[in-house]
Structures are given as C-alpha cells and as structure tokens.
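The first chain written gets the first letter, and so on, giving A, B, C and D; residue counts start at 1 in each chain.
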Amino acid sequence: MIENLKKVQHIKTGKNMTCGQLIDQMNKSGVMGAGKIAKAADIMETMIRDKECKVFLGLAGAMVPGGQKQIIIDMLKDGWIDVFVTTGANLTHDLIEALGYNHYQGTHMINDDELNKKGIDRIYDAFMPNEVYEGLEKFCKKAFEKMPKEEMNIKEFLWLLGKEVPDENSILRICAEKKIPIFCPALSDSGIGLQVWSYMQEHKIKVSAFDDLKEIIDIVWTSDRNGVIYIGGGVPKNYVQQALQFSETAASYAVQITTDRPESGGSSGAELREGISWGKLDKKARYTNVTCDATIALPLISAALKERLEKEST
Amino acid sequence: MIENLKKVQHIKTGKNMTCGQLIDQMNKSGVMGAGKIAKAADIMETMIRDKECKVFLGLAGAMVPGGQKQIIIDMLKDGWIDVFVTTGANLTHDLIEALGYNHYQGTHMINDDELNKKGIDRIYDAFMPNEVYEGLEKFCKKAFEKMPKEEMNIKEFLWLLGKEVPDENSILRICAEKKIPIFCPALSDSGIGLQVWSYMQEHKIKVSAFDDLKEIIDIVWTSDRNGVIYIGGGVPKNYVQQALQFSETAASYAVQITTDRPESGGSSGAELREGISWGKLDKKARYTNVTCDATIALPLISAALKERLEKEST
Amino acid sequence: MIENLKKVQHIKTGKNMTCGQLIDQMNKSGVMGAGKIAKAADIMETMIRDKECKVFLGLAGAMVPGGQKQIIIDMLKDGWIDVFVTTGANLTHDLIEALGYNHYQGTHMINDDELNKKGIDRIYDAFMPNEVYEGLEKFCKKAFEKMPKEEMNIKEFLWLLGKEVPDENSILRICAEKKIPIFCPALSDSGIGLQVWSYMQEHKIKVSAFDDLKEIIDIVWTSDRNGVIYIGGGVPKNYVQQALQFSETAASYAVQITTDRPESGGSSGAELREGISWGKLDKKARYTNVTCDATIALPLISAALKERLEKEST
Amino acid sequence: MIENLKKVQHIKTGKNMTCGQLIDQMNKSGVMGAGKIAKAADIMETMIRDKECKVFLGLAGAMVPGGQKQIIIDMLKDGWIDVFVTTGANLTHDLIEALGYNHYQGTHMINDDELNKKGIDRIYDAFMPNEVYEGLEKFCKKAFEKMPKEEMNIKEFLWLLGKEVPDENSILRICAEKKIPIFCPALSDSGIGLQVWSYMQEHKIKVSAFDDLKEIIDIVWTSDRNGVIYIGGGVPKNYVQQALQFSETAASYAVQITTDRPESGGSSGAELREGISWGKLDKKARYTNVTCDATIALPLISAALKERLEKEST
C-alpha cells in the first residue's frame, strides 16, 4: 500500500526562488501545513481556470488593516472571484483608506489608555486614527443623498456606494465597476452600517437585509459548478454555506484559511468536510483546510497563482 | 515588590466539592487558565449584582447543538442578562428544539457522505436530522402570517416570533416573554432568515436590519454602567462593541470566553484590553479574557454563580 | 440511525452543584469540549478502578507554577497513578516550593526588564523570585553528598533526592516515599539537572539517562493492561508512548489534555488515535483528546473523580 | 504620534515574484502574521551576518517527516547555525532516511487500525513503514561497535554516529562533518536512544546526559553575542534558554516559530519577551514570535534569506 503513495520529498529552497517555485516544492513534500498550502494553491488554480465554475470568496478578519487589501483587489480585478462576501468592517476600512486615511504599523504591547487619549484605535498591532470617522460621515452623507428612495438590497446599495468612492484602488469601487456581486449580510454591524442608520433618522433610504438572499441563492443554483474560498470564517463563510445548502449545486472546490478550530463546533472553525453531510460540499469535491494566519498564507498563494495563471496570458 | 503579591495557593479539590468551591480554589491559585476562570466568575458576579449596570451577552458559536441552551435560558430567566445579542444559527437551533426536534451525540470521525445519505447534518460531533427544516418552514409560515404588515426591526420581529414558540423552555420564547431586547444583526444568515426571505416572496413582511442600531445604542447611552459577556466572538461581540464605541458609557466590566486568537487581528479573538483604545472599554474596567472552549467554561462558571447569587435569596 | 444515538441533553447547572454532578450533566450533553471532559473523567475513573491496569501520568507544562501541585500530589497519594513521567522543570518548581519559596500571582502585561531588575522570573502570569536558585543549590549539594558513588538511573536518583526533601507535601517526596517510579528523561534540561552537572565537576556522582528505559519498558511489558494520562505533551508523553510502542501491551485507556494541535505533526499535539497505527494504543481502547488548558480541566476532573472514587470508600 | 509610524502598505504580489520580494512586501505591510514573518527574516539575517554572534537553532516537532530536512541541512551547511539542539525524534527520522527509507504522503482521515495491520506508522498525514526499525537496529549495532569504551557526552556520541551515516545529505552527518555542536538532552526518548539502551545491555557504551551542559554553557559564555531560533518549543528551546539563563550573555537576537500558546504557562508557547525577566534575553534584543506552522514559515524565510545572504557572495 505504502509503495503507491508519493514520497515526502524535502523542500529545497534556493536563491531567487519564486513563490510559485516554493509552492511547487511544498507540493512535493505534500504533508502538514506546507502540503495544505500547496493543495490550496492547486484547488484555487483549478476553480479559477474552470470557466463554468463560479468562485465565491468569503472574507472575514481584519484583512484591510492587515495589509491584504491589494491582494483582494487584484483577485477581484483579475477575474478570479465571481461573488464576494465580506464583513462590514472590511468594507469600512477599505472605504476609510479610499478617503485618504491610513492604517499604521503599531504594536500590541502598549498602554491602550494612552492610545485612547491620542485618538488612536488599535487592531492588534495596527493603529488607526479615530478621526477617520469624521471623514467617513461626511462622505457617506454625500453619497447617500444621491441614492434612490426606493428599497435596495445590500448588494445594490454597496454598488451605488462603490461608484462614489474617490479612489480607483478600492475593493468597494472595483466591485461596483466590475459588477461583482458583493454581499455583506451583517452590514449594520459596521461603521458604514452606522452611517446608514444615522442617515435614516432624517432622510429616506431603504436597505433590505433579506433581499440579497435571493440573489446569492440564484447564483448558486444557476451555475454549473461552484468553488468557495473562505478566509477567516464568520458570517461570510456561513452565508455562502447556507446558499449552497439550499441549492442543488454543492461546491466542487473548496479552500479554507483560518486559525479557528473545529472542536467547539462553531461554523468559523468547522472543517470543510463537515459540509458534505449538509450537502454544501460535493462528496467528490477537492478541498483543503489550511490552518494558518491568512496574512501569511494568502500573499504566498496569491503570488504563486499569478505566476501560474498569467503564464499563458503572455 | 513580590512580597505584596498574593501567593499561588495550590488548588485543593475534595469529595463533593461544589463548583463554587472549586472556583474559590481557582481564585486562590490565581494564575493561568484557572485564575482567569475565577476572575471571570468574580467579574460576572459583580456586573450581575450591580443594579445600575446593564449586562450584555454576546453569544456566538454552536451553543445550542453544544448542549448549552439551558444555561443560556437560565441566565435570561434569572435576570442576569439585560440585552441579548446572538447569531441566527443559535436562534434557529433553539427554535428547532422548541418544535420537538433534537440534536444527537455523534462523532466527528465519520464519513460525511454517509451522513448526507441518511439525512443527517453534522456540527462537529453533534448530529441533527435534516428533516428539521420542514418543521421550521411550517412553523415560520404560520407565525409570519400573524405578524403586522408594518415594518419591524429585527428585535420586534424576534419578540413576535418568540411568542409563537410552542415550548416554554426556549431562548426565543423567554426573551419575548421577559421583554429582553434580543439583537441578531445577521439574521438573514440563518435558517430563520431564509424563512423570512422565502415568505417575503409572496407575502408582505418587512424586517429592517438597521433600525435595531438605534435601540442598542440607546440602551448603552442611557445606562449608568455597562457590563459585557462575549462568548465566541463573531458579529454578536462586534455589534455590542460598536454600540459601546458610539456611546459615552464605555463598559465597566467585561468577560470574554473564546478559543480565537488575537494575532491575526480579527474582532473575535481580539483581547478585551484593545477596546480601551477605541473607548469601548473603560480604562478602569475590570476584565478578563478566558481562553477556553465555552462548553467547558460556561457551565462551570454558571454553577458557581448560581451558588453565589442565590445564597442571599434564600 | 440517528434514533439509536443519545440526544444532546442540555447541561442544567444548579445551586451547590458538585463538580461530579456537573460532569454528569456534561456527560448527558455529550458533545464538544464538555462531552470530552465527561468522557475523560469516565475513562480515568475506569483505568484507576481497574486493579490490573497500570496508570501512567505524563505531565508537562508549568503545572507547579500554575497551581496544580496539590492535585498531582493527591493523584499520587491516593493511588491513582502507578508511573509518573514529567519534566525537570516541574520537579524543580516542586522542590523550590518544598524549600519554602513560593510562586506569586503576577501578570503577563508587564515590563519584563523591570521584573529582571527586581530579581523576578516570569512564567506567563506567575512570578518567582530568582533567589530560589541559591536555596536550590544549597539543598542539592547537601543532598548529593549523601548519595552513593555508584551509577544510578534517573529514577533512583530522584527517589534518593525525594527522601531529602524537607516538605512532606511535595511531588518528589511522595514519589520517593510511595516508591512510585518517576521518570524524567530530560532531567538535564532543568534547574535540578544543572545542579547535578555542577556537582559532577568536583564530586563523584553518576546518573545514567538511558538506564531508565529498561524500567519503564519492563513495567509496560509486565502489566496486564495499561492506561495513560497525558497532560501537555512534550517528552513525558513521548517517553510513555515509546515504551508502549516497544512492548506488546498497547494502552487500553488513554486521556490527553492539551491545547497543542495535531496539524503540524508534533508528538505533543498528535491525536491519541494516531497511536493505534504505531501499536501504542489498542484498537479497542477507550480514549479522548481534551483540547483545554489543563489548569481548568484537571481540577474539575480531579474533583469529580474524588467524588466518584471515594463514594465507596466511606 | 501616529505620524511618526510607518503606514501599512498593502502587500502587492506579482508574477514571478521571488520569496525575498514577497517578504520585502510583508515588511512594508508590517503588521499581524505577515509583519512578523518579515521581522523574523530580518532578525535572522542580522544574526547570521553578525560574525561575533553564535546562532543557536532549537528544533522540535516533526520536521523531518514534515519535509523540512533539506532546509535544516542547508542552514547547517551554509554556516547559518553554530549550535544545533533538537529532539531524538528528528535525529531518528533523519537517520532513517539516510538508511534509504522514506516518509510518505498519507492522510490523517484514515482508519489507524488498518495502518497498523499494514505496518504503517502515522505522523499526522505522513506515513512511515514500521520496518525502518529493523534497519535502524542493524545500523546502530554496527556503528556502536566502533565507538570508544570511554564515557562520551551526547554531543560526542552523535558526532561519532554521524560519521557512520551512509548518506551525505543527512543532518547528523553534516553536524559531524562540520563539527557543529549538536545537543539532544532527551536522546533517550527516541528510537536512537532505545538502540543505545538496547546495546548497553550486552556491550560497553557510556553516554552521559549531563556532561553536555558544560559545553553548551561554555559556548554561551564565551561568545560575544548570542542569537536564538526556536522552532516548535519543547526541550530544544528550554535547553538553550537554560544555558542563556546561567550565563552572562543574554541573547541579542531571537526568533520563535510555533503554534503553541502562552496562556497555559508552558515553555514551548511562552513569548520570547518573558525571557527578559529571567536574563535569557537582553532587554535591548531584537525578537519576534511568529505564530505559524513551521512547515509554512520556515521554507518561506529560508528562501528569502538565501536570496539576501547569497547576493554578496556572487
């Protein structure tokens, strides 16, 4: 039996090795975390190349403060992602940067009361000036005024908002421009959500939280194949999983990158395999659970995939 | 300096020791996980006893499939909790059980495809028959028909739904009966949410996802003191944190129980201390981060608190 | 199929509930972390009651600074443990306390350089005065002088050392008095180990690190059944696992309590099940992996087991 | 204050990007896991370039079954490492491969009893044929016969063993050939250790476990500066930390890569900062704790460092 298995070939690194070459080496070792990174790259490559596959990206965690914005933007721009599901926080931080603010390289070993006095908000070791909320309010008010008075779902609202974003290099703006469906079921749980509510107190604006369900379920139902990439779990993962559960096209490809654990039973840390029982994941699906900080795993995989996917294009 | 510190007194267990006595021993040891469990019990006791403190419970994770429903119900019934924020999943699983279904003791070492063929959905090592969704649909349709045609916020919707729940021993029903504000910003990301959407296709029902923000912020603003208990992070935690951020009454007491980690920057695993920079947590607040599976930590603390809090009542 | 499974009965806590009663409730819920705690208590009870079973305790991690010394002592005193394997660090901290020093309740949020200036060593949130090393040296020198000049194995050395310990309530002393085999393969990696080496520079003392292997393998070979309790992984776990591998009596019972993870392949976090492939664990063995901080799980289980095991004795 | 901080510049990946370029990008983002990987690469580069700095590598975990052997060999060969401390398991798996055996790419989702029947030992998702132990025994016997009858310390023993290793591309052989001090305090807790003990039953061979202490402490004392790289914690980390504690030259540079956590107080997961209190780490030291599966982090850093360090050499 063991003779039929591939040997663990030891990873050989070299000078000027590309990220793609490194992942090829990880593929040859094939075990533990490195093996999973390589498998994730393979599965993502396959689902992106598969023209009949809709690729869903469920993105949670502090990915914008964590320096991953450009990678997400590139994934959206390069056509890797067909449907984008994320948290209100990521969209808010993206918008804040598009308005000219920045996140800063801080430290978690600090007196938080001193930060508070200086008007600095901490996200682990990333700092953000609290004044961003003024800019956010000003921008939102103006943008909301241009919006129609009829009821929108969250996707439509975000597309309209995205069009007003002054910076071309923004997640929101790209989704709006490229008409990439963007779902954010817990938008009310974010800075943008607060602005919506605040504006609603005096103006007419109607955003429905339930109407997006139809759209995402429709996409799942009508596609030939589905592929999912979950980063950080949370509502974005669960929302895609739910759409898969209530359609007849279970996912054929799945990659999960998170440090959450399965034992306590929560959706964020649940192994992808569990989805087979629910009909969310096809029993023949290719999938892998990468247990890794996404700020490490995602850039590495992104670079390798650019290498692989752009090879033909030139 | 070291002379002024308390010694680590070793935990002494004994026959017929109560959970309260065990936590007293953990208090005397005072370090590592045991010390934090003891500190969490102390802080929770203080916030519950403090008549001028509003206690917020943010509950995420598979707490109903995980056997924690009764503990949550008791916390709500006994008046420990003033405001309840949770996921759609927990409310859905609670409702499912109230309709007469059960979760079962399974295993995670199983062929998920076989489970799928047998109509069993897996949540780590808990199993649930897939047929629950039929009962859920039937119940929801009937309950929704009785609802007003005017726009409700999610809290109002859940209270109305709770009144229809046939089992007295249900989280939803208790909140409805005791008029405990219940917030669920990502309700659309759940079985109940799907029923709302499905019903909306042919009937008139309006549930606003943004209007709850006013209520939770009002509660935070008007209370003299706020205390928070976060189990499992996710949207429930973030939603309370957001309300604290945009009020002037930062939390005076805070307890967090999760196995999520701070390093990747996400809200779920963020240390409570971080909230001080944002103005979510008072710089003089008493707080502790318990890194533990909540299905272990919560029952132990619950039992100890019943012992402490009911002492006087008799 | 699902009808044959036990229902998840929700944990009901009550006033003055004993730890044993709480674990009975966890047994009825039967899933996630709580279910594993209950299963661990059951398996430990069974292996302790089984007169023909040798119980091995492999103990790593900062259990003495972490306030768990008395629980270990009670396990040894009450006859629960037949063979004890641990790290040099735990024995050194035990000895330090037996010499009259203490560990203190500190904090991990502190300037470590200030601690250093004050002569305080930090172990997460436990503090220890650095002066303990003077007392340790003085005691060891005296104790070593009484030792035979012939070669001893580590177990014999530790028994001789244990006899000199001035405090009756010490792990080392109990093992010596009760003739409980105590193995510490990496003794040289500890304060006591350093004292051995230091003494060796000028005096004759011979401690063999390999000779203990015969003893532990003999114990495994000659017992009818073996049960293992691993806390914290490390060398203590691996050393017992190795003895099981090279005997013909694989373990019939196994409990592991650790927060280490399996994915990176290390022995500490490896699931017990893996041991079946190696012949370390019997394929019919009862076993469970508790993913929990041992300073929380062990006291709870200890209290419950005292309740169960002492019931009959009175 | 915030103006003086560096901005989080978003990681930009590109086609044919080298691993070094990726880490440069991570350096510009500077936060969360990616920031720590970049910092680790910088610190390791500095300590390797610093001619007056002795670099200690403490290596635990299943690094050979995990496909990392070549990376370790290159680190030793290229002169990056002055002192090597590891587990008996890593040396045993290295030796096993040098004898012509292999590890294989398996899976952790398997029936371990079936593996056992097929003579396959599982290390998470790596498989090893159990027959390796026959080859190991044969080789060891022969090698031990050539050894002197006088007492050796473990380092001397391993150097002698390394000379007999038939494969040039072996950790043991390289250390022997390059006279890199190799410490393995818990050697008895391994396959090689078992062979030593087994051979001792009928032949004369003397290996002292305490005598190595003098050597490692001497190295620490006599070097101008010390740098440490800890992978996976365990005895290898603790042994170097101990040598640093009892010398006057605390480490000036420190990098730790592990998924172990600090909260339960064990040495493996302890933050490096803690070492400042003990005098193991200099208060002005540069250090970082990378929370990541080493099979992912190490190859990436290795490739980047080859790029940086070999730039000048050509």
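What to note about this one:
Methods note: a residue touches a chain if its C-beta (ideal position, glycine included) is under 8 Å from a C-beta of that chain, and two chains touch if they have at least 3 such contacts.
Predicted model only: the values in this text are computed from it and were never measured.
The pairing of chain C with chain D is characterised as same-residue: of all residue numbers used at this interface, over half are used by both copies. Of all chains, the one whose CA centroid is most distant from that of chain D is B. Centre to centre, using the average C-alpha position, chain C and chain D are separated by 26 Å.
If you average the Cα atoms of chain A and of chain D, the two centres end up 35 Å apart. Shown for chain B are the residues that touch two or more other chains, namely 31-33, 62, 65-66, 120, 124-126, 259, 261, 263-265, 273, 291, 293-295. Of all residues in chain C, only 1-2, 5-20, 22, 25-26, 28-35, 37, 62, 65-71, 74, 102-106, 109, 118, 120, 124-127, 129, 259, 273, 291-297, 299-300, 302-303, 306-307, 310 touch chain B in the complex they form. If you check the complex, the residues on chain B that touch chain A are 60-62, 65-66, 89, 108, 112-113, 115-116, 120-126, 130, 185-190, 193-194, 196-197, 200-201, 207-214, 232, 234-235, 238-239, 242, 246, 259-268, 270-271, 273-279, 283, 293-295. Residue ranges of chain C in contact with chain A, taken from their complex: 31-33, 36, 261, 263-265, 291.
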